[in-house]
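Paired with chain B in one complex and with chain C in the other, chain A is shared by the two complexes that follow.
Right after this comes the complex of A and B.
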């Protein structure tokens, strides 16, 4: 495979050197890379993986594209992330933790972070700062949303990079995809759902499985939050239920940390 | 013994999460052998505080990317036990079938993508795509079947949206399920290729006696709920899991450690098999015996073989379950949930061992206290003690630094650690 110039409709395919990195996360988005096995070998023929600690011992820092999963919680992570940014031509925030802090950022709703640490570790010293998204530390070139990311979307994006085609991410909400899938509206089934305000691209993954959207992909463009709240309340959902969903992945309330606390 | 020896592995590869191995021998004496867990914590137990019950499975499933279904199931079981909800037979069958497919995909990922390169002198599965294409394709095929069935039942193999307290939001219909029967029957051929492949590998002959903890099988190999047992004769109720785990904080580790009758114990496929050998499917049992894997096996490297045996077991048991499901009528059932104050524990055998979730609720169903004890967290102390014994033994046998580094890495890998999970 190596060294062979492959073409698509006569256009040479560019085979980028790719690295995968993970910070504070469950590493589930990286695991998605190994899923959708039907296309697995084709997928890996599009890219040259040079660094992927979870599945390979070979390591090289000669990469062009860095997929970065996870949120940032320690000084060491900040240093590692900045090093990756210096090397990568393209840095991709990979998954909801990288894009918004993900479920990890729920920790930030406690004002006293020492309390959070004490609850788990007692007096044992453990470093864990406020949870931050990747773009609060370095510039990000591309975001792949989702908890977890959808492999088909990753494949499409990688294919576009290999072909040098431009990328567009849906600006419309999950609701549009859900309707196209001819699902019964979750509100009619008595389920809360953030489909009307969440960015599409997941093919209404959860609503199609009859589970209301929790907004893991963050807000669509031109979100009408007032109308969202009116619909939710109109269907009898409490503010607590609405808040649980809005705050779950951090996409609707990114917590910005003052620059001075970033070393 | 070799006079001096240094092994320093920072961020061990081909495992989930971040851990370091350090071994130092000076003047023929073991100075240190250390398994360091340097993963950054996420504080799930605190995150849940004050949240309503329905957040628990949704959020805690995200503790782990590999066994999110297991976490979701343990969480649901804890909530259901607290609220007095008893799942009906078909819900139980679908949950177990889903659990089996998670076990199959996770074990396959571990054995064929993470462990296999060690035995084939490769750094990863990537060079094997060219050199052993048939093997990689078979592994991908097993993984695909497991993930496809997970997708169908759980709605998604990672962070499954259909799994909820009281049942499922949606269940597959007969037409969707039927084809999997044949696929499951055919997949054993691929699995047997790996059985024969592993038979040709030299499993390191390292033995350190330890205690094995798992669920106790009652008429069948255990996966979801039940009593807890250890190979040292401890027997406890599910709700007394804290006495089985005894978590404590250690230096150089962001994960807590556990102990029971000895300085450490092990959980996982080997522990399940050691404690419940009689309940394995006869075909799986024969394969185990053919590898010399009979209770009580104390070689941690044999956890790989135990996983392989379990793959065969879960496929056979899935065929049984799927037949039972197809012989029954099922409707999309979701029991009504009525929150009440109380405590609930859910113990589930996930791929890497026994997992516990425990929540205390107030009368509105808000979480007052949450506790999750992770399989890899229970294994860390055992890994540490194994590492010390392995370093001394192989240094005495005159192995060089690089050989010991490989063996120590393979040892940790054999546990299939899920380090992010253990730190959560």
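Right after this comes the complex of A and C.
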């Protein structure tokens, strides 16, 4: 994936060497990048991809930026991740599995993980430990949230790296984007929604399609969990419904949920 | 002022005439809530039957036609060593806004004070405001409406035509020559004594229907006295910091500006996005310091802007009492409750 160095207002752009890696995940976040045909060539002209299993056979360990998708569930993954960290100048947690454990971490709810393994793999068990986000193993420089990540956001981040512009992620919740899209509030429609506490940046992807937010991007930066639980309860949603949403992607696990406010 | 009356079926003719030659927006039914109650919004009117002139209130205000949630302020065309700036005020065509309630007309009048009649007029707003023909319509006060306390229950100016349903016919108040010329296309007559009596009766009946009041006497001073009040903490503890109050508000105009570059590096854009003072980083400055990290402080300043700062600058409140913010707030933080709690120096809701 060679190409001439691009310039912006006459200034040559820095074209970093980038590698993509996947751990325990569906690889859907990487697929999102490829799923953006219109801008794909422009996107790849900003970076020099040296490792990307979904698009190329060549592999090189000479990279500066590592996009790491997936959560960590085996000893081998821990070793691989640490090796990547030693090489990468910038390690990006790519998608909700890498950021919070993602859907995979649902199994951590079970006290007996051997039971989970028996249920899933039966006679043919594989090594699978408690699910961990990558920042539980190594330092992470940047997080790109979402299940899957939003391709426009990934594009913008890569562009900003190339231009040397600062990187910002919305700190406010999904409601801001949802209102800007002129949606009817899902609570008015009797649907549960985590929009008021979930970090924006997805352009209210689910609520705009009339599906309540499941919190895949994790908490916004000023979450009023106590009030949110009171509201959900007041709208008649059961504890199970509330917990299903809050626990689905793992983003809300660091937020303390006061037991008494649910029961 | 010129008054006319016209028969009900003439309204259909008027609207259809306007639709035939213009872009017309007005209250439409956007859906139904879980109890089957209609949810109204401002949207495009393609046929007369789309128009819901007897609507209660819309969830979002009509400010989106003047202050879009997201707006491109400028684009920059880049070539190797140079760039060219292009400015567009984003007015595609004149707009007819048919069916605005008095509170929303007053909201635009208040926005005019800041965005047109101030030291730094905003051309993007001005261009849209000047290219909009506004038809006001009388309303049925809802339990959440407190416009009568804010002095915004009637509109004195800021529209072209105002129609009031007299039951058997419409009473029209003509404010501009454009409106006068439009009305030439339908059959109207001079109102008779009977129409005047009917109009006054409707006004007095409407006034009896307001159930929510806010005491604004000395509110500016009281807000100064109660700056440190504990009530702000109470409301801050309830606030979700989601910015919904500002999003639905017809007068919240605060915004952020961001510059972005297209991925092909051929264009860059300056984008404006409406922002809320209740969002966590509203008062965050370069270097990362946040002047208002607590929800209670941010919520408080929203009230201070509406009911104190604006009053000091323009001798009127920035709140029109439409009640949208309280209705949209999932935490049920309502302006009358907040103001009453400040006045009585304690939370009694």
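For the reader, a short list of remarks on this structure follows.
Operating definition for what follows: the second predicted complex is superposed on the first by the 245 of 263 C-alpha atoms of A that agree within 3 Å, B and C clash if a C-alpha of one lies under 4 Å from a C-alpha of the other, contacts with A are read in each partner's own complex, and residues count from 1 in each chain.
In this section, a residue touches a chain if its C-beta (ideal position, glycine included) is under 8 Å from a C-beta of that chain, and two chains touch if they have at least 3 such contacts.
Model, not experiment: these values are computed from the prediction.
With both complexes brought onto chain A, simultaneous placement of chain B and chain C is permitted, the two fitting side by side without a clash. Once the two complexes are laid over each other on the shared chain, residue contacts for A:7 go to chain C alone; chain B is not touched. By the touch criterion defined above, A:163 reaches chain C but does not reach chain B. Of the two partner chains placed by superposition, A:90 touches none, neither chain B nor chain C. Once the two complexes are overlaid on the shared chain, A:229 sits clear of chain B and of chain C alike. Shared-chain residue A:30: touches chain B; no touch with chain C. When the two complexes are overlaid on their common chain A, residue A:242 makes contact with neither chain B nor chain C.
Of note, the Cα-centre angle with chain A at its vertex and chain B and chain C at its ends comes out at 110 degrees, rounded to the nearest 10. Of the two partner chains placed by the overlay, neither chain B nor chain C lies in contact with A:142. When both complexes are overlaid on chain A, the residue A:43 reaches chain C alone and has no touch with chain B. In the superposition on chain A, contact of A:116 is made with chain B only, not with chain C.
Within the superposed three-chain arrangement, the count of touched residues of chain A is higher for B, of the candidates chain B and chain C.
Superposition on the common chain places the nearest Cα atoms of chain B and chain C 11 Å from each other.
Chain A uses no single residue to touch chain B in one structure and chain C in the other. Contact residues on chain A toward chain C in their complex (touch as defined above): 6-10, 39, 42-43, 46, 155-156, 159, 163, 165, 171-173, 175-176, 179-180, 182, 184-185, 187-190, 195-197, 220-222, 224, 226-228, 231. Listed in rising order, the residues of chain A touching chain B in the complex are 1, 23-32, 34-35, 37-38, 40-41, 44, 49, 52-59, 73-74, 77, 102-104, 106-107, 110, 115-117, 119-122, 124, 126-128, 147-148, 205-206, 208-211, 214, 240-241, 244, 248.
Residue ranges of chain C in contact with chain A, taken from their complex: 30-31, 33-34, 39, 41, 59-60, 64, 69-70, 78, 80-83, 237-244, 247-248, 260-261, 263-265, 273-274, 276, 279-281, 295, 328, 330-331. Put simply, chain B touches chain A in their complex at residues 11, 13-17, 40-47, 49, 51-52, 54-55, 58-59, 62-66, 68, 109, 113-114, 117, 123-126, 129-130, 136-137, 140-141, 143-144, 147, 155-159, 161-162, 164, 169-170, 249, 254, 420-421.
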